[in-house]
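Order as written gives the chain letters A, B and C; numbering starts at 1 within each chain.
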């Protein structure tokens, strides 16, 4: 009997101490989290240099809690469930548009910002497609959708058109995106449709094109594309310019091209959701991100196109000339920003996607 | 003799099949190149840097906290429940077992989302909600490991002990506990394993700042998984391996007959 | 009285069942039977009849059957070999099979991708050996392969457990009476391990029906299982009502397949476990 109670007491103690010890420091943080001097930041995975967060914490005394996610849709699922009261969120422009239209975003008073003027007016202009009065969104990084190709397998002239993705010679070595809107872009552009079309016939026609393409597709990937391309497992991949830049770093044979039919321009942006508990702190954080030194840190960490002019001024010519990072005006002229589609179109997209996948 | 060779070969092939991917990861943890495909020479640097990395370390402590706490609590609740269920009438028992099966039968994502939808009505997501979710999917493993042991045990010995004046606790410790001990132990082990391996349910029930190794790994997929994580996984694996060897050696005499029941859905 | 006291021990668990098992199921049922405007509807359940969904559920059943069959064929001889070893104690065997799970699931599957990919280790090896390049990844076969890898232990363990319980005396007696190896296998070993086989089949078949991660990672997104459809409805289409409806249908499938297996199990009742 004694031994048993002793045993259970030891077990209980062990359990408590594990929870207790480990919880000790975090416990303090948790209680602080309830106060006003914390900022809960929701961002893509690996999209912010941790040094920047630490600098912000030191300079302002505001405690930052960073939550990361992978796809805008999964962010939306968590966000809409109201599971966490986020203070500031970074996501893709079409998701920002959707949340603005649902009344989930707070207006930001950019006149209070010290460093807002560092941002490229052209890019701010481009955000008008989803934020007409530019009062909800702060552009963070931007880029294009295009073809990442292996120069040892595909010649550069060929990837000037989306048609190359339907070329039988590359059977089993084409990677498409495992997300609906992106994979539809080449098909829509090839059949001459707008990438934001809501016409069911045009969408169905594009889906038919994609169904025809499926037998020669190696895989529909989201996150693994860059690594697969660097490993030489495929000849071409439909990717975002950011991933292309990362893949090019890993493998020198890789290059990136935006086909002449035109493509998508994406602008990942910050917004402040209705759930924000301290608007002032959130704005302070966003302003901080626009500062030349922090923007530089983030640029060097992420290596995507930055709208920050101060950063661009400090870069060498080679980097600025790299069209993978900073698309040229000619490329941008043919690119369009995604618009949030209406409920019927969303449902149709979802259905066509299932149809494509089940073929 | 031939038969023996054939069976040894067969055994080797199966174990190779199960452990080959792990071997690859262990090799990668010593690779002096960030690439997953190119060999850049032998290094131990990932092992050192993984302990200096704050994010990895905090995810590790969080994982350990959740795993240990959920395994201990679910073992406690599950063992008590198994004892209770064994004393129930047939119909009640069927109802209880049916409910126990539900978390095992549902797709992880459905369990995760349904729990999330429930939690957000009452509270903010955080450490506690993840813990509750983990306990929820761990309890069935405990019950299903303990229950057969209780059913095998001779109930009359326990009754006799009570008749002879033993207190229920004393009778439990002297009579029942030795019989179900191995089941409780393997239930606990299964709970630890399932907690460690879970991604979907944790993902939906976690709050800001709560990151386990699985959820952290997931956000790293796009920019390439850091080799530090291979190193950490290797350490965890080797730790478990040596722990199990030690336990195996020590409990050799105690655990002779030991059927274990496990299952899971992914 | 004593019995009642014992039953009371299940009290905390009963509270748990109601709060965290039944209530979430009720939430799913609520979503399944309502439309996005909140009215009652059977549409989400009926959606299973849509050709796309039928296709994916048929594919799920097909892959599930193949995976279960392969697991059974691999596991049965293995269990026989293992039980012939007479380990000093069996939990060691159990450990050997659940140990891989201590390495994160996603990492292990990624590792298989490295091995199976076009330029992967296995293909390099095959090319050196003169066999030539084989496309392995991103096919239904590679999904089955991944499922077998992940679920094989759940077939081995119950069969091994039931086999280890067979007393040597019975087999000795049969031998003494002149039974051949085959007779012993068919007349003694298989019937005595039947409950293990059935638990194994359920333990493998049910999770393959609901799985979606393996088909995404090893099928290259080209294989659409019903689990993937549900995932898509929850995560991308953000149609939770449809996702819930399909989940309910899937649950019915799972329960039906368990009930079916229980009919074959002569021991009846809780023998699944």
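Everything below uses one rule, namely that a residue touches a chain if its C-beta (ideal position, glycine included) is under 8 Å from a C-beta of that chain, and two chains touch if they have at least 3 such contacts.
Only a predicted model underlies this, so the values are computations on that prediction, with no experimental measurement involved.
Colleague: Taking mean CA positions as centres, which chain lies farthest from subunit C?
Modeller: A
Colleague: Please give the pair of chains with the highest number of C-beta contact pairs.
Modeller: B-C
Colleague: Measure off the straight-line distance from the CA centroid of subunit B to the CA centroid of subunit C, and report it in whole Å.
Modeller: 17
Colleague: Between subunit A and subunit C, tell me the centre distance in angstrom, where each centre is the average of that chain's C-alpha atoms.
Modeller: Chain centroid spacing, subunit A to subunit C, equals 35 Å.
Colleague: Could you grab the centroid distance between subunit A and subunit B? Build each centroid from C-alpha atoms only and quote it in angstrom.
Modeller: 34
Colleague: Give the residues of subunit B touching no fewer than two other chains, as numbers and ranges.
Modeller: 36-37, 113, 117, 218, 221
Colleague: Could you check subunit A for residues that touch two or more other chains and list them?
Modeller: 77, 224, 231
Colleague: Would you give the residues of subunit C that are in contact with at least 2 other chains, written as numbers and ranges?
Modeller: Residues 110, 119, 234-235 of subunit C each touch two or more of the other chains.
Colleague: Contact residues on subunit C for subunit B in the complex?
Modeller: Those residues of subunit C that touch subunit B are 2-3, 5-14, 16-17, 20-25, 27-28, 74, 77-78, 81-82, 84, 88-92, 94-112, 114-115, 119, 121, 149-150, 152-154, 157-158, 161-162, 164-165, 199, 202-203, 206-207, 210-214, 227, 230-231, 234-235, 240, 243-244, 247, 250-251, 254-255, 258, 270, 273.
Colleague: In their complex, what parts of subunit A are in touch with subunit C?
Modeller: Listed in rising order, the residues of subunit A that touch subunit C are 71, 73-74, 76-77, 80, 172-173, 178-180, 214, 217-221, 224, 228, 231-234, 346-347, 350-351, 353-355, 357-358.
Colleague: If you look only at subunit B, which of its residues touch subunit A in the complex?
Modeller: 34-37, 54-55, 61-62, 64-65, 68-69, 72-73, 113, 116-117, 119-120, 124-127, 167, 169-170, 173, 177, 204, 207-209, 211, 218-224
Colleague: In the complex of these two chains, what residues of subunit A are touching subunit B?
Modeller: These residues of subunit A touch subunit B: 1, 3-4, 11, 15, 18-19, 22-23, 26, 29-30, 33, 40, 42, 44-46, 50, 65-70, 77-78, 81-86, 222-224, 226-227, 230-231, 243, 246, 250.
Colleague: Enumerate the contact residues on subunit B facing subunit C in the complex.
Modeller: 7, 10-11, 14-15, 17-22, 24-25, 28, 36-37, 77-78, 80-81, 83-88, 96-97, 99-100, 102-111, 113-115, 117-118, 132-133, 135-136, 139, 143-144, 147-148, 151, 159, 162, 168, 182, 186, 189-190, 193-194, 196-197, 199-200, 213-214, 217-218, 221, 225, 229-230, 233, 236-237, 240-241, 244, 248, 251-252, 255-266
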